[in-house]
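Here's the structure we're looking at; comments come further down.
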Amino acid sequence: MKTGFIGLGIMGRPMAKNLLKAGMDLMVADLNKDAVAEVTAYGATEGTYAEIGAQCERIILMVPSGAISKSILFGQDGVASTIQKGSIVCDMSSVTPGESRECYEQLKSIGVDFLDAPVSGGEPGAVNATLAIMAGGEPEVFEKMQPYFSILGSSALLIGGPGSGSVTKLANQIIVNNTIAAISEAFVLAAKAGADPEKVYQAIRGGLAGSTVLDMKAPKILSRDFTPGGTLVINQKDMKNVLNAAHELDVPVPYSAQLYEIMQYLKVHGHIRDDHSGIVQYFED
Amino acid sequence: MKTGFIGLGIMGRPMAKNLLKAGMDLMVADLNKDAVAEVTAYGATEGTYAEIGAQCERIILMVPSGAISKSILFGQDGVASTIQKGSIVCDMSSVTPGESRECYEQLKSIGVDFLDAPVSGGEPGAVNATLAIMAGGEPEVFEKMQPYFSILGSSALLIGGPGSGSVTKLANQIIVNNTIAAISEAFVLAAKAGADPEKVYQAIRGGLAGSTVLDMKAPKILSRDFTPGGTLVINQKDMKNVLNAAHELDVPVPYSAQLYEIMQYLKVHGHIRDDHSGIVQYFED
Amino acid sequence: MKTGFIGLGIMGRPMAKNLLKAGMDLMVADLNKDAVAEVTAYGATEGTYAEIGAQCERIILMVPSGAISKSILFGQDGVASTIQKGSIVCDMSSVTPGESRECYEQLKSIGVDFLDAPVSGGEPGAVNATLAIMAGGEPEVFEKMQPYFSILGSSALLIGGPGSGSVTKLANQIIVNNTIAAISEAFVLAAKAGADPEKVYQAIRGGLAGSTVLDMKAPKILSRDFTPGGTLVINQKDMKNVLNAAHELDVPVPYSAQLYEIMQYLKVHGHIRDDHSGIVQYFED
Amino acid sequence: MKTGFIGLGIMGRPMAKNLLKAGMDLMVADLNKDAVAEVTAYGATEGTYAEIGAQCERIILMVPSGAISKSILFGQDGVASTIQKGSIVCDMSSVTPGESRECYEQLKSIGVDFLDAPVSGGEPGAVNATLAIMAGGEPEVFEKMQPYFSILGSSALLIGGPGSGSVTKLANQIIVNNTIAAISEAFVLAAKAGADPEKVYQAIRGGLAGSTVLDMKAPKILSRDFTPGGTLVINQKDMKNVLNAAHELDVPVPYSAQLYEIMQYLKVHGHIRDDHSGIVQYFED
């Protein structure tokens, strides 16, 4: 059985390679022909969206946005134009829950299953196959995708129905990025008051302020090392999904809205390729 | 040697009792005579501020604000009117670093040492003697206060010079309270999108979004149990100290400023006595 | 010569009637058949988008969003499928400058002119033909549309190239809506401090704080009369266009972002059909 | 009858001169001896606070903050230590309504009347005697101060009881400064979208977005002329009074809180001596 894999970016490329290493027969597609070459060199074959639709019973998407997912699936000569009943499309991209539900419903109507299954863990997680996978959809469909998830990640959890995976990823990003901003305020204030931020970090990390993101990002902030990790540009994209989802669902998100504007500010001032710990630069002189 | 202990509120009362249990000879003061009675019943004697100044070489303050600390120390018939050279005043209240430095300098000028040493851990930490103590001042003075800290808490750390303890406490509060707000946005969004917040919590807690405050507050948020813990009224007071300190030190703190207004909103709508996990109520219908 | 008019909502209906009254030969379209009937009763004929494209040299759009404009123009059997070279499409809807430029360029490529010409003045302006029209596009095209503008409004100004009209409308909405929020803060603060808001209004209206929006909205706020005028739902839509445009153009808009979330809050609490002076309700108990 | 005038800053100096020109017998005080010399050269005499208290039945204050007002009045050897029953203290400084009420009550208790009467109009208004005076207090007291107000300003209005003048000034500042920020967002967005901001200004000024502050500040923003007018440093001080008053009165002021942080940002980046139209610099690249 062939597996389709569409989207060979910074995340998709190592994920595809991991599937190939595990012996999967992959047909891949990407607009970037260098990326395709890199992966076909590992044993994948290239196909158009329609060819992938026609020949693959399982199709994984790992693309930059829900609009792109939808256009690959439902655009002219897209995957859905040829896909077989009973196939599964698994969208591992970060999109809004509304977009995932749309894909679910549109595929359902032609007898195709859909699972949203975005990931956290970033490029290192994709390379080392330690991604955390958050899925939304039907339990039987989730079961059928487990062989893939066990190759690609270190955990996979079915949260609920269609869109639940996507919103869990967004919830994760809300907490991570806003916490980085709060940490930034705290460290800049402490430093301006004359306290050594390293000692402040050591003093608070064992208490209620302690967090994984503090332990991951405080050293970067303290050493002013903003090499990514997760770039601001990627995290801003996720925060835009947060805003879109929240506005569709009528949830006030003043924190995320404010953060988005701070990210805009950092973009305008040339920091958008930094790690998201670079948010701290907004608070400094 | 007598020890002075001024401020017998929700925190000060159990702290004073722990010192008494450990055999210390305490002279105490508080405007609330019931609180004084409760602690003298454990063996403390009562004294005026001036009597405490005259008779105690070590004086601990645990009061609601820096303005109150300063008035107890430097007001008419205050502690400083009678205090002996070589004594130590240790202010364990949550105040701004500027207020701590003021106390430090004013006492220094009359030959008295000062240490700012606020705590985290809340009422349970005070009762169980598991407070985390963050100190600012001179190393010799910190050493001399260690016997007290080892009775009152489970850790004590000297961060740096005068005011460093106070600003560390503020940094802690910035992170904790703003993270609760971010968690609130995330959970309300997830729930409105139809995902089970409990499963979302389980899915993200092991990753970058995981934190002590998430593990402490998510269960309260999920079960809608806003009995304190740490009240909004106390945390708002700390956030006001954050704003005052930041505005004095020229640090933009848009997150904390926004949070303060959300806390105002919650106060106006009757939630100010809730646990600070009750911040979530702002984001809900 | 026939004129096409697409979009017969609260604004489009009276605008179409004013054109009919002035003797224009209108072919109209709307999904709402009651609205079509109301306008054909005044002498218009009904047509499909393709019929309007084929038969009308001047086509006016007055629809809820840029996405709808684009779908009417470029969707299957849309206006662009039949339109004649040399015709003019004039989009008077409130859309983003990017959407206007897209329409301009796509029509340009098939030899058709385009003008963005959104309006301010609301329903009363549409009924009384006192709209203020802000246009973007080429001067010759603007000249050719002047006969329409002089019927529909009391002023029409060409701001600049394609998209300039749309962004001027957005600039207007940023100022109007955020000023209402500022006025709200001011009046609620004054009232809580015990001052009579009516007297405060009289005291400040002659100075730097004086504005048309203050004179229009203060009486509504003071009398708690939130019957629209301009509804929050319409203004929120405009503010979403502001956010989309700003994020596309890399302009940080923290005020508009915050306002959008406040509007979300008001929506969730049941106020979205109120006049936008109802923003004040966010600041009250 | 002698009149006391305390506070000879950028506002107080020209106000004192206008009173002298009108033939008043002034006794003045200020820490800045050059300022005192400048005004005594016009015919004033210098006095201590206590001398002013003892000899003047009408005493005007024009100082930087409510804390300073209170210390001049109630500090050691202050005005209140010598003031005669039946005298009037009129505080024309910008302070919080709470501070004004405190002064009112403390003076009342010793038989002295108090009026809060802050002004708008800035340095030009002080020089040209065209200030707008907003007063709070008792009608009889307001009447007795009218001769002064008619010399100093072009309008004086009694808003209500003690503190009403002060809160009216704050309401004015909330609207003016937040509107400048909204105008800034609007103009930066328009410019980035390629529209000529001057034309945008002309297009919108006649409609709902039109305001006195737009007409005063748009030309400064468009010509990038940030010479004051009203400096950011003065307006930030007023916004701090807004925050303090709002937090005391339990009014959520998210706009003013956000603006204060933007002002902090501008201060940190060296713009605090600019005219408040310089707020626009926050939104630009």
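Letters A, B, C and D mark the chains as written, and numbering starts fresh at 1 in each.
Throughout what follows, contacts are C-beta pairs under 8 Å (C-beta built on N, C-alpha and C of every residue); 3 or more make two chains touch, one makes a residue touch a chain.
For clarity, every value in this text was computed on a predicted model and none was experimentally measured.
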Farthest chain relative to subunit D (centres taken as mean CA coordinates): A
Distance from subunit D to subunit A - Cα centre to Cα centre, in angstrom: 52
Intercentroid distance (Cα basis), subunit D paired with subunit B, Å: 37
Separation of mean Cα positions, subunit D and subunit C [Å, integer]: 39
In subunit A, residues with contacts to at least two other chains: 246, 250-254, 258, 262, 268
Chain-level touch network, classified as line, ring, star, complete or other: complete
Complex interface listing, subunit D residues touching subunit A: 254, 268-269, 285
Partner subunit A, residues of subunit B touching it in the complex: 97, 120-121, 132, 134, 136, 155, 157, 159-161, 163-164, 167-168, 170-172, 174-176, 178-179, 181-183, 185-190, 192-196, 199-200, 202-204, 206-214, 216, 242, 245-246, 249-256, 258, 262, 282-283
Contact footprint of subunit A on subunit C as seen in their complex: 240, 243, 246-247, 250-254, 257-258, 260-262, 264-265, 267-268
